[in-house]
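For clarity, chains are labelled A, B and C in written order, and residue numbers in each chain start from 1.
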Amino acid sequence: MSVEPSALPVPQSLSRSRVSASVDLLRRLFRTRFGGIGAIILVVISLSSIFAPLFATTGPTDLGSPSMQPPSLQYLLGTDSLGRDIRSVMLYAGRSSLTIGFCAAGMAFLIGGTIGALAGYFRGAVAVVLLRVTDLFHTLPAIIIVLFSVSLLGANFWLQVAAVALAIWPIEARIVYGQFITLSEREFILAARAAGLSTAHIIFREILPNALPTVIVQVSLDASTAILIEAGLGFLGLSDPTVPSWGEMLNRGQEFLELAWWMSVFPGMAICVAVLGFNLFADGLSEMFNPRASAKAPKLQS
Amino acid sequence: MSNPILTGRSIVKSFGARGWFGGAANAKRAVDTIDLDVNEGETLAIVGESGSGKSTLARMLLGLSKPTSGDVAFCGQSIRSFASSDWTTFRKAVQPIFQDPASSLNPRMRVHTTLANVLLRHKLATRATLDRAISDLLSAVGLDPAQFHDRYPHQLSGGQQQRIAIARAMAVRPRLIIADEPLSSLDMSVQAQVLDLLVSLKTSRNLGLVLISHDLNVVDAISDRVIVMYLGKIVEAGPTRQVLGNPASDYTRSLLAAKLVADPHIARARRQAMDAARTSTPHSRPDQQGAPQ
Amino acid sequence: MTPSPSGPPLLSARDVKVHLRVHGRIVKAVDGVDLDVHRGQCVGIVGESGSGKSTLGRAMTRLLPNVELAELSGSVTFGGEDVLAMAPDALRALRRHRGFSMVFQDPLSYLNPTLRIDRQLAEALRHLPDKRPVQQKSEELLSQVGLGDTARILRLYPHELSGGMRQRVMIAMALAPDPQMLVADEPTTALDATVQYQVIQTLRRINKERHLAMLIITHDLGMVAELCDQVYVMHGGRVVESADVFTLFDAPKNDYTASLLAAARRLHQTKALGTA
């Protein structure tokens, strides 16, 4: 029997190189409407937080500057009531906000992802139990959970991260559950089961990589939610006082709103920009994985 | 002498919620008390339209879903009593081919990974011999290993995807293949090639084949026995020549009458015969889905 | 034998090209196609997937999806006017009355799942000069496509109908604006064999009784043999052969056509099964 000639043109990116595959992904991200912007924002914020000592003029807890100074050349974003240079503190505070964002989202993915995957793959009684647990946590308002744990166990930073993760994992669980439900009915999964491949292999090597695009979008959104929750906590004065955070700066700035607007406005803007960055990035990913008609196609229908 | 590899006894599969207080209130029987045997090396065709339950039956025969009642037995042993070693034997003996070739391959896996997973799982190749084993499989289904080893499913045509699915099924050296509409999603010219491949594999390895198809031409061409299903039940069964040449049931007859033939002369002759036979019944018949007349 | 058509063609396509831009490369989906459909004639465009037949059908009816076009050229004349160059208003008027209608493959995707059939039909009937009550016109349309119990069907939602009934409803909706031509893209492929046969006979009856021109796009040679008078075979974006249906099946001139027929016959047996 004759060998079939290849019917489709073989694209250039057939090479095994991981690097070129990543470059290709980046290129596609930047072709989406705002995904590139989101990514750039995230990179800028991350870099400025990581390299805070380079960009800051003072340490995070230095109180040496004159207090309540409006923005000037020397103190670019002004100083606060304690005599801290706002710009420097903001850069260091970015670390905690981003850490909460990434880590809480990551933990939520691990917890929610596991629960959603098990419920979606095994269904039946397992799913019923897991889904009801998910519902339970879902209906508890995030802030309540966090307040509860903070009041019980104190305002330790990592405890906060865990509490926020606890608040947002149900969303992740639902997304993963939905993906696993649909994917486990796909024929390549049936074929994998019929081939006797192990359950672990099917869940992690067959289903999960196909679920990842949708899930990653949710993780990015979860990160922005986590940042907002953390900001709320800080604003209420419940965050770890030893760690500077944007929310905590907002808390400090609220009584001086009329006198020193810069104490509130700049941290507030930082929160907005960070959340925007994650959301735009998520939008961009979503557009990449679910290509819709691009706006540039000429309209042919009447 | 018949030697059944797979038997089904009174298989029933019903769907539908049970009320809070038990009892199958709205249960629908997708498969309604089916008995069948598949013998070593024979080709059994299951014919039916959508809603006949043929795919549901296939899944139960493959051990992928549990019958609501009734039993599937492999070489005489009931699936319900399988230990895990029995399952391994079963999995190596009975393999599926599905209708939609694009969705029967993991879109994120290259061809060689898909095949390697199966080979390694059943220790049919070691890391050292893997490449060779994969090349042999690809050649066996008519694909050039150098060209197709690294491809993703979306870089393959429908016919090529189906060949890979066949290669995956053949990797474990099965005794029986259950093919659910393997040709329906393919172009006509490719259908012939894939059918040829299935037939040649079948003969060279004495494979049993359960072929689910709505295409009576294919059924007639390659199957030994036929089962006709309608709404979950077996309407007619027997040797192919007999069932298709001299059908006993009206439903089978209506299936045969509805067959499209790639010949305008025959089409016209058939129309003229029907016009002549038509009485004053108006055209506007309510549209019934394959109801036995 | 099919009588050769007289008079100018109703639809005339000359040198139609549709080139798409996919991932930065140009795909010549349709590459210079000439085609004629006369009044009352049933023309089939047959080809495998990727031959460009669906793209051609949609380009001619200006229903291409939002894809990036590298080129859309050629002339498509319907009733004397150039369809490709038409203003949107004129095109809409054409679709609403005495123009062309399209029937697609999967009626479940093309019928609004949240509206009952009567409302969807009413939508298609709205712009007609015929002033009779909508209910009456709807029931008449449904019975024309071979459906009985029309009053009951009108009150149903699409998912409550069987596949064949849905497709008939789609055909009815396509007939509502009293078109001069019906374009059908794989109209029966998703249906079961018995229903497929019935719907094909319905299409044939509509073609012959209403003298309605039809353009059938399909990969199924059996459907073409049942239904069409004239056949165009497409491959790689071009028409490789065109002939009346009997000539094409009996004596194909092109190798590709011959190979398609051979493949079909490899699966088909021409003896009529089951007629004892």
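The rule is short, and it goes like this: a residue touches a chain if its C-beta (ideal position, glycine included) is under 8 Å from a C-beta of that chain, and two chains touch if they have at least 3 such contacts.
A quick note: this is a predicted structure, and the numbers were derived from the prediction, not measured.
Undergrad: Using CA atoms only, can you tell me which chain is the most central one in this structure?
TA: That would be B.
Undergrad: Where centres are the averaged C-alpha coordinates, which chain has the largest centre distance to chain B?
TA: A
Undergrad: How many Å are there between the centre of chain A and the centre of chain B, using C-alpha atoms for each centre?
TA: 45
Undergrad: Where the centres are mean C-alpha positions, what is the separation of chain A from chain C, in Å?
TA: About 49 Å, centre to centre.
Undergrad: Using CA atom averages as chain centres, what separation in Å is found between chain B and chain C?
TA: A distance of 31 Å separates the two centres.
Undergrad: What residues in chain A touch two or more of the other chains?
TA: Each of 7, 11 in chain A touches at least two other chains.
Undergrad: Could you check chain B for residues that touch two or more other chains and list them?
TA: Not one residue of chain B touches more than one other chain, so the list is empty.
Undergrad: Please name which positions on chain B make contact with chain C in the complex.
TA: Result: residues 49-50, 158, 187-192, 195, 214-218, 220-221, 244-247, 252-267, 270-271, 283-287, 289-290 of chain B touch chain C.
Undergrad: Using the touch definition from the top, list the residues of chain C that touch chain B in their complex.
TA: So the residues of chain C in touch with chain B come to 48-49, 143, 146-149, 162-165, 168, 192-198, 200-202, 204-205, 219-226, 245-246, 249, 259-261, 263-270, 272-276.
Undergrad: Please give the residue numbers of chain A that touch chain B in the complex, ascending.
TA: Per the stated touch rule, the residues are 1-4, 6-8, 10-11, 14, 16, 186-188, 190-198, 201, 205-206, 209-210.
Undergrad: Given the complex with chain A, which residues does chain B contribute to the contact?
TA: Of all residues in chain B, those touching chain A are 59, 62-64, 87-88, 91-92, 94-96, 98-100, 103-109, 117-118, 121-122, 142-144, 147, 150-151, 155-157, 159-160, 163, 165, 168-169, 171-172, 193, 196-197, 200.
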